[in-house]
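You will see two complexes here that share subunit A, one where it goes with subunit B and one where it goes with subunit C.
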Partner chain A sequence: MSRFVKQVLWRAWFPLALVVIWQLVLRQSTNPFFPPPSKILSSTRDVINVDWIKTSFASSMLTLSSGYLIGCALGISLGAMLGISEKLQLIFLPIINFIRSIPSVAKVPVVMALMGIGTATRISAISIAVLFPVLLSTLRAVAATESTYLDAARIMGYGRIRELILVRLPAATGEILAGLHAAVQVAILVMVVSEMLGSGIGIGAFIIHSQATFMIADMWVGILILGVLGITLNVLFQMTESRIAPWYFDSKIQS
Partner chain B sequence: MGASSRYKFKLTTLVLTAFLWELASFAAGAKYFPHLWMVIPDLFLVSIKFTFWQNLGVTLWLSILALFFGTICATIFGVAIALKKSGESATKGFVNFLRSMPSLVLLPLLIASIGSSAQTAVLLGTFVVTFQLIIYVIRGVRQTEPRLIDAVKIISMPAYSRILFLYLPSTISITGTGIRLSASRAFGTIIAAGILAGTPGLGSSLLLAESSANYPRVFSYVIVMGITGSLIYNIFGKIEKKFVHWRVSI
Partner chain C sequence: MTHRTNGFTVLVKGAGKTFFDNGKDSVILENLNFGVTAGEILAICGLSGVGKSTLLRLISGLTAATSGEIEIDGKSVVTPPEKIGFVTQDYSKSLFPWLNVARNVGMPFKSLKSEPLSKADQKVRIAEVLTEVGLTHAANLFPWQLSGGMQQRVAIARALIARPRLLLLDEPFASVDAHVRLELEDLVAKLVEEYGVTTILVTHDVDEAIYMADRVIILSGAPARIGMEMQVGLSRPRNQVTTRADTKFAEKRNQLYLGLRK
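Up next, the complex of A and B:
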């Protein structure tokens, strides 16, 4: 137990020291843009209430999770389909690579032009952003199944579909999970951007609104909440990854 | 596969792209998803304008600056953190926090405090590149061959030349991959800053076309961004292969 406490302290001293220095340096400062942590803390208490959670936070979480899930489902199924057919890859990969090369934020205005600025737009923007990295990692993993596994499947007399579901996809779990993990960050980014570009609802809109009304401490609260959201999802992913596919992730150096 | 069948596949890709595009255009309405015959002439019109090339140049230049400054910051902090074992565990949470945060949320803060200029975009890009790359630098320093470390200790090499001649060269193979990925991130961030904050470059051109409901122009810019993005990805991939040819990149 004491070792655990020691480890926690060892990890926490640097961020804590930063916060203390920040507080000491900016306590008397009149710079409105960099308020001391104490002020941000008191704003946090003002900002986070039942109403705020019901409107901004819940809306963001809803769009984030539904957009992410739709994008992942599409990405994995399309990636798996393309992964087993070289001909389809030759035809579709150039298109997919091109769309992936467009910065994800630049796709948001296009989706908005097509669909207006409702919830459906935000969900679609997130799905599209998530779709391509997930699709490509699935495709790569499914296409690169070890040949011994495929030989075994052939001996068992599996057809293509059975081989995909029983051999290729399970063998690709690690890489698919890594793709899903990488897509989380993109999903949060696109969520914030689509909210900032004129939806009026969600954490991103809250940040923009706080900036426009000079509630700078509130803006900091929004920024920190997104940071906490990002790292929470990151840690959750790391934990599930090494549980589901330990053979893939435990051999990698965790960052 | 023969050359002729490869061309056949390329042709199929082109025809299919055109077909899917037109399908989308009919489904969404030509006003918002313009037909190909509206976008291609517009793309040509855009490409003969001087301001377009100027904007493209600005975008690329800002991306390069962000990549450059970010690489320097990541190298300095990364080496400093990695050389002390306690340094890594103490900063891990902090670095991960900044890495996981969608960096664009800092944009409103930057706009409020320093305005929306080219510097804002470069600052944001530098931030993104630094925290993307720092993990690679730390990992690279950590993977330095232990026998080489012993060797430089035996000849009592001074600290700065140890960093310069041992640690930095051994990080290159891993940092190379990081730089390739960061180059695309830097480009994306500069574009995003333009779209969200109107900082100079292609992003703000896209924003302008969007707000004046000139949708063929919006698609032209998106196509240009796609071409530039894939060029950056491929060029950095080639550079990485050339300089770090001994390592299979991931």
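Up next, the complex of A and C:
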């Protein structure tokens, strides 16, 4: 048996066993809140059709990706600017730390109060939630560039901007990617919450709506889709991270 | 040294460096005065921690002197001047791990300071300098895929790419094994001849100082001063076997060891 197959089996047997136990325990259950997996599976077939994918799923993915990308772009640029200026840090860090320490979910109602309910609101809420962790991880990494890299940059005659773009930012790739990775979970969280708060569209709204109309198996379908989404993004990240910055993520590389 | 005519002159005029730590001043270097003529190879030798590297940083303009002045090519040094190359002991932390060897070597071209060269000419020059350091086959590899000796060759290539007129070497061979060390010494000696560049080599190794340099300065004491100065006077090209076996080499070594202990 190849090593890969072995690894997959080792990883898969325990979750599969849990599903089997879940099925065996609940197969005769009449409790509407905890349907057996077989029932969720049949609901999945009902729920996931072209229409659902076109509306709920597409809407969620659109908000998630645009909110995430905007937040990351802002976070990296602001983090980089603050990272090379102690003055800017002195001025803005207290406020950034204050806003960051408010749970990102609690910021959603504020955004709604300012912008109403709509796609733009959800995108903004996700961007704001993503912005802060990305900003801070970028700032820290950009401010803490190895002094030996900076010496090399100065000998080559780089000014501040060249040093930032050609040395500090690439040197920070690993830490920035780690920050982007962590921000994915926050983005999904805020996406679901903002959809649940009265938007009527998206996976979050679908879950709340199913629960309110006693379509409990459908609710479980929504939750499982979120799980699959989270784990897929996680795996994608792990795969790309070590390709983009192997010197940072591959522990076998000494640098 | 009339054959090495491409180098800057260096003048260290009363230079000193005081660090402020733990609430008190500690004077590392005080009132140093010496010069390096154009094309000369000077070795600065001394025990660990004496301030050799600090002195080299002052000359390079990476660190500001707290007293006195450094002149390179007649101009007072404030920031790193154009046309200098710097190689440190820590190759793994001075090469950029996100760039392959060719791109690492080409990084000095990204500066306004080096004369603008067209992309095509840059490529030619990178290939040329990689051949000179014997790394043609490694152009597309990343620094962390190379041995220590090869990484140091990359650092040397990067230092030479823009044809510097002053080469500063801070313990460049201290992190590689003994055999590679001899190879790198000969490589640098050969390249310095070809480029005709003024060179200042910092080393704690007396033998290396004699083997490489035209003149050796010993830094000793705290704060450090010039404890001894010596012309090497061995003929070039030098050879790892015959030069080191020369009785004159042994004589110089004995003198320097005495100077180190003073």
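Convention: the second predicted complex is superposed on the first by the 248 of 255 C-alpha atoms of A that agree within 3 Å, B and C clash if a C-alpha of one lies under 4 Å from a C-alpha of the other, contacts with A are read in each partner's own complex, and residues count from 1 in each chain.
As a working rule, a residue touches a chain if its C-beta (ideal position, glycine included) is under 8 Å from a C-beta of that chain, and two chains touch if they have at least 3 such contacts.
Because the structure is predicted, anything quoted here is derived from the model rather than measured.
Per the definitions stated earlier, placing subunit B and subunit C onto a shared subunit A by superposition produces no clash, and the two fit side by side.
Ranking subunit B and subunit C by residues of subunit A touched puts B first.
Residue contacts after overlaying the shared chain place A:G75 against neither subunit B nor subunit C. Of the two partner chains, neither subunit B nor subunit C is touched by A:G67. Once chain A of one complex is fitted onto chain A of the other, the partner contacts of A:G83 are absent, as it touches neither subunit B nor subunit C. Of the two partner chains placed around the shared chain by superposition, subunit C is the only one that A:L166 touches, whereas subunit B remains out of contact. Within the superposed three-chain model, A:G202 lies out of touch with both subunit B and subunit C [touch as defined at top]. In the superposition on chain A, contact of A:P35 is made with neither subunit B nor subunit C. Minimum Cα separation between subunit B and subunit C in the superposed model: 14 Å.
In the superposition on the C-alpha atoms of chain A, the part of subunit A touched by subunit B in one complex and by subunit C in the other spans residues 253, 255.
Against subunit A, the residues of subunit B that register as touching in their complex are 6, 9-10, 12-13, 16-17, 20, 28, 32-33, 86, 89-94, 96-98, 100-106, 108-109, 111-113, 135, 139, 142, 184, 187-188, 191-192, 195-196, 203, 206-207, 210, 215, 218-219, 221-222, 225-227, 229-230, 233. Of all residues in subunit C, only 60-62, 79-80, 82, 84-86, 88, 90, 92-94, 96-99, 107-108, 110-114, 142-144, 158 touch subunit A in the complex they form. For subunit A in complex with subunit B, the touching residues are 7, 10-15, 18, 33-34, 87, 90-92, 94-95, 97-99, 101-110, 112-114, 185, 188-189, 191-193, 196-197, 204, 207-208, 210-211, 216, 219-220, 222-223, 226-227, 230-231, 233-234, 253, 255. Here subunit A touches subunit C in the complex through residues 146, 148-149, 151-152, 154-159, 162, 166-167, 170-171, 173, 245-248, 253-255, going by the rule given at the top.
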